[in-house]
Amino acid sequence: MSVQQADVARAEALGLTASEYERICELLGREPNALELAVFSLLWSEHCAYKHSRKLLSTLPTEGERVLMGPGENAGAVDVGDGLAVAFKVESHNHPSAVEPFQGAATGVGGILRDVFALGARPIAVLDSLRFGNLDSARSRYLLERVVAGIASYGNSVGVATVGGEIYFEAPYEQNCLVNAMCVGLVPVGGMVRSAASGPGNVVVLIGARTGRDGIGGASVLASAELDESDEDKRPSVQIGDPLEESKLIECCLELIGADLLVALQDLGAAGLSSSSSEMASKGGVGLDLDVSKVPLRERLEPFEIMISESQERMLAVVEPARLDEVVAVCRKWETNAASIGTVTDTMRLRVFNGDTLEGDMPVTALVDECPLYDLEPVEPADPLAAFATSRPALPAGADPEQTLLALLGSPSIASKRWAFEQYDFLVGSRTVRRPEHADAAVLKLAWDGNDTGRGLAMSIDGNGRRVACDPYIGAAEAVCECAANLACVGAEPLGLTNCLNFGNPEKPHIAWQLTRAVHGMSAACRAFGVPVVGGNVSLYNEGPEGPIYPTPVVGMVGELPESAAAGSSAFQASVDGGDADMVALVGPFAPSLMGSELAKLGGTLAGGLPPFDLAVVRQALELVREAVRAGAVRSAHDVSDGGLAVTVAECVIQGGVGATLDLEPLIHRAEVDPRAALFGEGPGGVVVSGPRESLMELSKKAAGSGFLALGTVGGERLRLTAGAATIDVSVQDARSVFSSGLSGLVP
Amino acid sequence: MSAGGGSIFVVRVGVVVFPGSCDEADAYQAIERAGLEAEYLWHGERNLRGCDAVVIPGGFSYGDYLRAGALARFSPVMEAVSGFALEGGPVLGICNGFQVLCEAGLLPGALLLNESLRFVCRQLHVQVERTDSAFTGACEQGEVLSVPVKHTTGRYFAPDDLLQRLEHEAQVVLRYVPGENPNGSLHDIAGVVNEQRNVMGLMPHPEHATDPLTGSTDGLKLFSSLAVRGATVPA
Amino acid sequence: MRVRVLIRPKEGILDPQGQAVERALPALGYEGVSNVHVGRLVELDVPDGDGDVEARVEEMCERLLANPLIESYEVQSIDD
Amino acid sequence: MRVRVLIRPKEGILDPQGQAVERALPALGYEGVSNVHVGRLVELDVPDGDGDVEARVEEMCERLLANPLIESYEVQSIDD
C-alpha cells in the first residue's frame, strides 16, 4: 500500500510514528479518515496504550486470595470480609496540573473518583501524592498553592474525605510537578459491575455532563509528549471540573448499580468516548455503533471532536432496552443527563455515525490491542544522579546536631503539612478514626449502610523519588516498605497495592533503566510482603529543558485492622498521675545510612547508591509491630523515615506534647555507624515504639530475629538525644514551632 | 403533646438533602445516636412529612455556586421549612445549612469568605453562651465543646446595629473560644438563633462530634437538646 | 437584551480578596495600586417584551444574584 | 485613575456557575433567561502618571487578576 507523505506528516503531528501509521493502514485495509486518525492517535498514545510499559507491568505480582479485581479494570478490588470489597486506584494528572494547576488537580480527583464508582463502589477516601520544585521558586509556590486548592475544592465539594497524602519538594520537579490522586471505595462484593460491554442489541447510554471542547488535544496528547516552551499551544484545551455534577453522578450511578439496572459501566477519561467505548467493546468481545448526533452538547462540535472530547463528569453505560426507562428515570431524579447514543453489536467494530452518515469504522481489536508495544532499551548510567537538576545546599557544613535537627524539621519536605491538609475535609463520612498527623496511616471505620463492623481500613501513599534516583531498585522496594510500615504502625495488614509510575522519557536508555529497575524492585518487595498489585497508572515523558523528574514510583496501600478502636498513633504519651514513664524502643533491622538522605540533600552531599537490605527481615519486624499495636502492647508506633531517627522521635514528641530522653548508643553499636548517621541516617525497617516497660520487654523477647533496641524513656518538656559524643537538647515547644512553620511560613 | 415526668420526648427529625449536600448521612447518624428518629427530606418535597424538627446539613448545595446557600434556599422543601420555622418548629442549619438559613432570611446576618480565603478543617473549641434555645438546652451555660469546623465561607457578619441587637437579645449562642476563631467572624460568633430561639445556625459540625473514635462526643448535646425541647414544640 | 450585573462587597465590609490582590501587586512591580475590591460579574440574556427589563433584573438581584445585606449591585444593559 | 476589570469564563469553557444560575431562574418565575455567565469583577485605583494605565492593568490581568488560560478579561476606565 502506498502511503502519502502528507498523511504521514499529519499522523506524526498527532504523535504517531510513520510505522505506526502504516500499521493502522494495514489494520484498516485503507488509510484512515480524519476522525479515525484522531481516534487511533489517542488510543495508540502512551497514555492509553502503555506502549513502553505494558511488558514491564506484566511482571508485577497480581494474584492473591482476596483479589476480586486486578489490573485491567477501572480500579482494583479486594475482599475485606463481612461481604464487602474495597476498591482503590491511584492515577496521575501531572501534565494537566503543570498547565493549569487548580483545574488540573481538581479534575485529577474527579477522574480517580469515577474510576472507583465505575465499578459500583462508594468513594470513601482520597489521598494525594504531590511533588514540586523547591519552594524558593515562585512557580513552585504558585503550583503548590493552586494544586492544593484544586484538590480541596473538588474533594470537599463532592463530599469525599481527603484523609492522607504526601508532598515533596525537589529541584527536578520544578518544571514537571506531580499530582497523583488515589481513591478508596467500598462496595458489597455482589454489587460490583464490570466494564465489559455485552449483549448485542443493548443500548449504550451516556450519563452526566454535556460534551464541550474540553481537553481536545488534551490529556492523551499532553501526557505523551514532553512539556516545552510551546506549552502555550497546548493550553486552550484545559478541562474544567464541576464537582456538583460529579456528586450527582456518583449518587446516580450507585443507585443505578444498586438497582441492578446496568450491564456495564465505564468512566470517560483520557480520549473520552473513543477510549471508553472501544475498551468496553474490547473487553466484552463485541462491537458498538455510536451516533454522535445523539450526544448532548454544550456547543457545536464536529463528530471527531465529540469522539475525543475530554469533558469531565461523564460515564458510559450499557443497558438492556427493557430497563432503559428506569435508567432514564433515575438519572432524571439526580438531575443528570442520560442519552442513548448507540447500541451493542456483534461486529467487533467501532462504528461512528452522525445521524445516518457513517463517519468512521474501525476494528475494536485494532484500536485496543494492536498498538505496537516497544521494548525498553535500558542502559545503566555511570552516575545515576547525573541527569537531574540539583538543589542548593541549605545547611552549612559545620552545623551542630541541634541545628541539623531543627533544619531537618523545618525542611519543607519534612515539616508539617498542616497548611495543606487543613484545606481538605478529612472528616466527612464519619469514618475517620486517624486523621492526618495523628498516625502514619489514615484509619477509617469499615462501616456500610450505617452498620459498623468495628473493623478498620488503613491507607497510605508513599514514594521518595530522590531515593529511587539514587538506586531505582532499592528505592522502589523502600517505597513498598514505607507503605507497609505505615500500615503496621496503626495495626493494619496490607490487602493490596496500587501504584503510579511517574518517570521521564522511556525512549532514553537511562530512563528505561530507572523504570525497569524500579518495577523490579517494587515487584520484589510486593512478593516479599505477599501484597498483590491490583492496579495502577503510568505517567511517562515527565521531562523539561532542565532534565527529567526523579524516577517516582508512588505506592498506595490499603490494609485492614480487626478493631478500629485499637488503631495505633504516633504520639508519645505522658505518664498519668505520676505513673511510670513509658519506655522507648527501636524495633526492626533499621541500619541508618546518610546515603540518599534528606540530610545529604540539605548538606549538598547527595550521591548515587543506597545500602541493600533484607526484605524478609523487614517484613518480620513489621508483623511484630502490627501485632503489638493490635494487642495494645505499645502506646505509640512511628516508622523511621525522612530525616532519620532524630526526626522520627521529634515527631513523636511534637505530636504527643511530651519530651523524651534517649541514647542511641545501642544503634551506633549494632549498625556500626557514626553518631551523625545514627541520628539522621535513613533506611527501611525501623519503627520507634513506646509503651509500658513490661510490655516492651515482652516485645523484645519476640523480636529476636528482627531487632529490638531500648533507647530511653518518655517524659519532661525537652527532647534529649545522645549519640556518642553528639547531643541534642531542644524544648518540645521549639521543635514544634520549627516543624509547624517550615511549610506554612513559605507559602502566601 | 406532653413531656411526661422526666421522660424524654422522642422527635422525628428531618434531614434536608439538596444536590451537593455532603454531611446528610453524618447528620442522620448523629440524630439516631442522640436517641431520635431521622428521616431524609428530598429538596423537591413540599412538605415535611410530619417531622418534629429539621436539620439542614453541611455540604455544597448546588455547588455553592453564585453564593453559598443562595440557590438551595429556593428549592421547594425550603418553602415548607420556612413555614415550619415561622410556626416555631425547631430548625438547625449546620455550616452550609447555616448559610442557607441566612440566605432564606430565617436567621440574621450573613456568612462571608474566610479571612484566610481558604477552606479550613480543624477541631476547635466553642463556648455555649446560652442554653435557652431549641438546640442548646442540654448544654451547661458556659460549657466548652470540642467540635470540628470545615468550610470556606464561615465568616459571620452582621451590620453594626444588627450585631448589637443580636448581642442584646442574647441571640449569639455559640462563640469560638478566644484565639480559636478560624475565619474572622465578628465577635467570634460560631452560632446564632433567631428571635424566637427555635431556629439555629452554626458553622461547626456537631454531627462530626458524636463518636469518641472519630474525635469527640460533645456535638451530641445539640441533638439531644431536641429531645428535651420536644415537649415545647407547638403542635 | 443582554444585561450585565456588577456585584460588589458593600462599603465597610472587610474584603480579604481585594486585600490579597492589593498585597500581591507590589511584588509584581505594580506600586501604588489601592482601594482594590473584588466582586462578582453576572451577565445574562433577558427576554425583553414584558415590561421593564432592568427592573426585572434588579428584582433578580434582590432575590438571588446579590445578597443586599453584604453586597451592592449595579445593572447595566449592554448592546453586543 | 479608577479602573474596572471584567473577568469572564472564556468562550467555550465550561461555566458551571452560570449553568447553575440559569437552571435556577425559572423556578423563581424568571422564564426565558439564557446565556448566563458568572465571572469576577475587580475594581482598583491605579496611579496614572507613568504611561498607559490600561496597558498596565492588562498586564496585571495576564499575570495576576485573571487566569488567561480559561478566562477572558476586559479593562474599563471609570470616572467615579
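When the chains are written out, they are named A, B, C and D in that same order, and each has its own residue count from 1.
Operating definition for what follows: a residue touches a chain if its C-beta (ideal position, glycine included) is under 8 Å from a C-beta of that chain, and two chains touch if they have at least 3 such contacts.
Predicted, not measured: the structure shown is a model, and the values here were computed from it.
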**Complete:** Contact tally winner between A-D and A-B is A-B
**Request:** Averaging only over C-alpha atoms, locate the centres of chain A and chain B and give their separation in whole Å.
**Result:** 37
**Request:** Please work out the Cα centroid separation of chain A and chain C, and write it as a whole number of Å.
**Result:** 41
**Fill in**
Chain-centre distance (mean CA atoms) for chain B and chain C, in whole Å, is 30
**Prompt:** Do you know which chain B residues sit against two or more other chains?
**Reply:** 62-63, 65-66, 71, 74
**Fill in**
Shared-interface residues of chain C (touching two or more other chains) are 24, 40, 64-65
**Message:** Going by the contact rule already set, what residues in chain A reach two or more other chains?
**Reply:** 242, 244
**Interchain pairs in contact, sorted by label** = A-B, A-D, B-C, B-D, C-D
**Item:** chain B residues within the chain D interface of the complex
**Value:** 62-63, 65-66, 71, 74-75
**Fill in**
Note: in the complex, chain B contacts chain C through residues 66-67, 70-71, 74, 103, 109-110, 112-117, 155, 157-159, 184
**Request:** Quick one: which bits of chain C touch chain B in the complex? Just the residue numbers, please.
**Result:** 13-14, 16-17, 20, 40, 64-65, 67, 69-70
**Prompt:** What part of chain A is in contact with chain B in the complex they form?
**Reply:** 149, 152-153, 156-159, 242-244, 247-248, 334-335, 421-433, 435, 445, 450, 564-565
**Message:** Taking the touch rule as given, give the residues of chain D at its contact with chain C in the complex, in rising order.
**Reply:** 2, 4, 6-8, 21-22, 24-25, 28, 30-47, 56, 60, 63-65
